[in-house]
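Handing you a structure now.
For reference, chains read A, B, C and D in written order, and residue numbers begin at 1 within each chain.
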């Protein structure tokens, strides 16, 4: 089993006529994802990566019965594209784009509270259910079907950990990138809830990083509500305060909240082992299974 | 019995330090309304009409446990005052002010959908439960407690009809002015629902006017859902199309929707007698009781 | 408050919405001068608030100077459905292939703005709305967010606008919505948006109505109010700040509260009279406002009697009575009989204050209206 | 992107937020000239991005020309926590009775802006937040509506601001929020808002941080970016469009994806090395971007080795490899050893493309980091 996406998920790719949009649409299709359409204003009627392109998401959904979208649109237009997808409506919107202005995202977040759609991201690599579907830019070849769920604020760090797992023969139910921005649609707790409810997920890897207090909240959630064991990793132990470490959300505040130490000890207090290296995370998972 | 307000209602008057605010606060108190506070920015600490004034509605509510407000604030500041009252929150907000810009009201209307507060008005005379409480500017002396509910888009027309009823010894449970603006918080159906649920209300007068389709919707509601008999009146039979007849909402569109004829026949079709004069409405009510 | 086409087009141009080159003229010579400065052919368009100007002869095309003079001569000074044309807009004619419709208004039933787009512009859009409502795409807007770019695109693509101009039309839709929001408009409409033979898009007509309740924060539009007024009485009502509508009867009506004033009109009609106007003095009317109201009604020469109907809530009867007395005391001879009926807050005090030498006092609404209709009939006969 | 105080104050003044009279000076003579043109006393304030300037001697009061010269001489050129002061703001000193705090930032846990007001301005607000959080009133704002006037008032009155200045402070709160929203700021802060002895209110300091992701639509702020940069490497990173943070170690780090780069830093530390920097080349990095990244890291003279760690999702290994090759081929001698580890999309192709004469290729992250730390240690010893 899996969460959120599988081989029935019917995907529209927003921005499919752009260079990255086309490349990743092809990659998704090659992986087996049921990509049914693209949506790009002014490009309706074309065919890209073997699927029809529509001028609006709504037209794509009406014509092709899509229920999810992947947003691969440049940052200046991405908030509008997410709005469009949320209002269509769809079940799941995966926003890959990094660099959406934070005030745009605050408005998207407000709208999100008014609709039933789930948003992943933005600034995330997407979601993959190995062997069934990937929505996003994750390199499919490193994943393998199995019984470990994975949720992470960082794309490439996810790949790193998955690579270690797969090398040991530990496969994944679903891997979710929730995104490195300060305001995101799906947070750790949302993802952990889904994994906890999934009977096939026997352990979960949670990769956090400095900034905010989402990991601390997740630790409390794990402590109170989860039977499925969790192994953790926190990036940014060496980050100085007040500096944005790449991700807009990865910043230790001047007053010292959002540090790696705070997150690691919260997770440890919840019984979650936190590895020092990605390899150690894989070690921890092997022990927990 | 009564709907929405009674002698337990604890009222804060927004704009109590203004000329009209003070006059009507005094009138409300004289009528027996439980006015507990006023709220005017920069005037906190004063006492007006025998009640303490606070700088913000929230401070008034915290200090005096108010659950309703009456907005007697000039139009340029009234939408903000209504916002303030909605967000405090309160159970009931009665907006008397006429002339609130319609785009401000559209925003208030959106916010209204996000809170549990009921809004009456704007551009309404308020609400009165004879002998218990009045929130607004209705002349208390013309009302008398009894068994007829009254709902109207117009203030002075309400008084006219009530005057006729009271003169015949027909009293009122509660009279509600819903307001003459195109966008209002409580509409005919909302008020009719409340009267239908009130065991003491044995008949209802509904005074509509040209513009919009709220009376037509109410007629359908009456037809389907009401056992309590209703007598109607529609103002504006002689209004030419395309002209705003005083109320921002009282306008027959160029394409002929919102006419008195349309409303009268919808009400008649729902079994509601519609009087030609206010006196005839009183006649109809006497027959229905 | 409705702007004239020439005013709305200036506003459009400032907002970056493409309009044809044009200028206003108030005389034939000026119109010809303007036309010569533009590229022929030009359209000469009467600037009056009347629908169907074209069919009524209020719009004429001119291919050259002589035709421009002829067009201006025939339009300036003409009577268009009761209004005398004193201004024409002279505008470059657009060589178009399609006519579209774009509009924004407040949908009162939803309590939210709605954007409308149709491929069937250039015709009476209200007939389209009745006959084939599916030909007008409606997109409601959450006013807290404003129109999102994707909504403009959805409206345009769903309306079937051709792809090569869809982006430009969506820009006009966004521009019209933003203008609507920024200017506290109640309605902005372009009918038609013309698609030119070069596949450009341009606003060939412009309707813009503003929320009078918001003019206090729209100084630029408040300044246009005088030029936008249709006639002298309307201008006077604007000046006094009254809700006033002129009708063609002879019984003048003043009251407080729109519903009661409408009812008073209806009763005048019901009792066999003809209402001359709607005039709501509003809530809390003071003495000077009452005097201004009487001045308004007496300014209409058709008026043979006046019924003054006040039911006080926010308006106090004593103040109204004092206002009526002091206003009527200014006259050597009162122009027409005035019937007054006071009820509600401080009504008894008011009735005592009223001077019976100047007005007829009635206790009931029905009585007051019947008396005023009688007076009007008598005056009419004399 | 953080503005200097003098930049933020210009922006405040344009937005109608009251600030003291002031001007920037880059030399002692200029500072004296500016001071003489203002009313004494004046404050001479170092323009560097360093907290606690006052305590560190970066702010001095001057009662007259001689003192102004003395202050400018002592501050210009001084070293303030590692930064050399090359600009001072000379500003009229405010005779104040109270110091308040007003700020707006994004509350990430709520996904919404938050306005903060406190009576306890003029001190380190983060200590107030820790010791007595109730002394800072927080009002969350629905970003679709923006800050409503009543919310500004609620914050001000709930913070206990005295009634006679509350209205003016609420105006500043509204002004600060509107500025925050209009300029795509992440943070705007006034600490302190001074209440003068005449009971006026004025922004005596000004902090403004802008969302770098929104600079594309904020041309006025984009123009300030160069002047706002703290040092040359930061300016270079801005120019290249990199997320770059300088640290004080000797192992240079380049990677893709913030989490993986942070992890690489952490691993350098874990394996006994010292990270020299954070540098994320981002997703989909092309060859020229890779070359720029190498140029960035080599520009830091502390760097003794570089680890280049790419796990490809959106970034393709072949492109990275070509970028590394072509960047390193420019050098006669490569400044420091470069260890490369490629994984993910097109990684195998990339590894084949990489020129072993120029770089050391490692298969694992841990291996690559350990190798780079070794190289750095070796270089350090030499």
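Everything below uses one rule, namely that a contact is a pair of C-beta atoms (placed from the backbone, for glycine too) under 8 Å apart; a residue touches a chain by one contact, two chains touch by 3 or more.
Chain identities (UniProt): A, B = Succinate--CoA ligase [ADP-forming] subunit alpha; C, D = Succinate--CoA ligase [ADP-forming] subunit beta.
Keep in mind it's a predicted model, so treat the numbers as computed, not measured.
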| item | value |
| --- | --- |
| For chain A and chain D, chains touching each | C |
| Other chains in touch with both chain B and chain C | D |
| Relative to chain B, chain with the most remote C-alpha centre | D |
| Distance between chain centroids, defined by C-alpha means - chain B, chain D (Å) | 54 |
| For chain A paired with chain B, centre-to-centre distance based on mean C-alpha positions, whole Å | 50 |
| Contacts with 2+ other chains: residues of chain B | 107, 111 |
| For chain D, residues contacting two or more additional chains | 142, 144-145 |
| Chain-level touch network, classified as line, ring, star, complete or other | other |
| Pairs of chains satisfying the touch condition | A-C, A-D, B-C, B-D, C-D |
| Contact set on chain D toward chain A in their complex | 51, 106, 108-109, 111-113, 126, 129-130, 142-144, 181, 184, 186, 211, 213-214, 216-217, 243, 245, 247, 255-263, 265-270, 275, 278, 280, 282-284, 310-314, 343-345, 365-366 |
| For the chain B and chain C complex, residues of the former touching the latter | 20, 24, 27, 75-76, 96, 98-107, 109-111, 125, 136-139, 142, 152-160, 163, 180, 182-183, 207, 209-214, 233, 235-240, 243-250, 254-255, 276-279 |
| Residue ranges of chain D touching chain B (in the complex, touch as defined) | 145, 148-151, 153-154, 157-158, 163, 166-167, 170 |
| Complex interface listing, chain A residues touching chain C | 41-42, 44-45, 55-59, 77, 80-81, 83-84, 87, 107, 111 |
| Of all residues in chain D, those that touch chain C in their complex | 142, 144-145 |
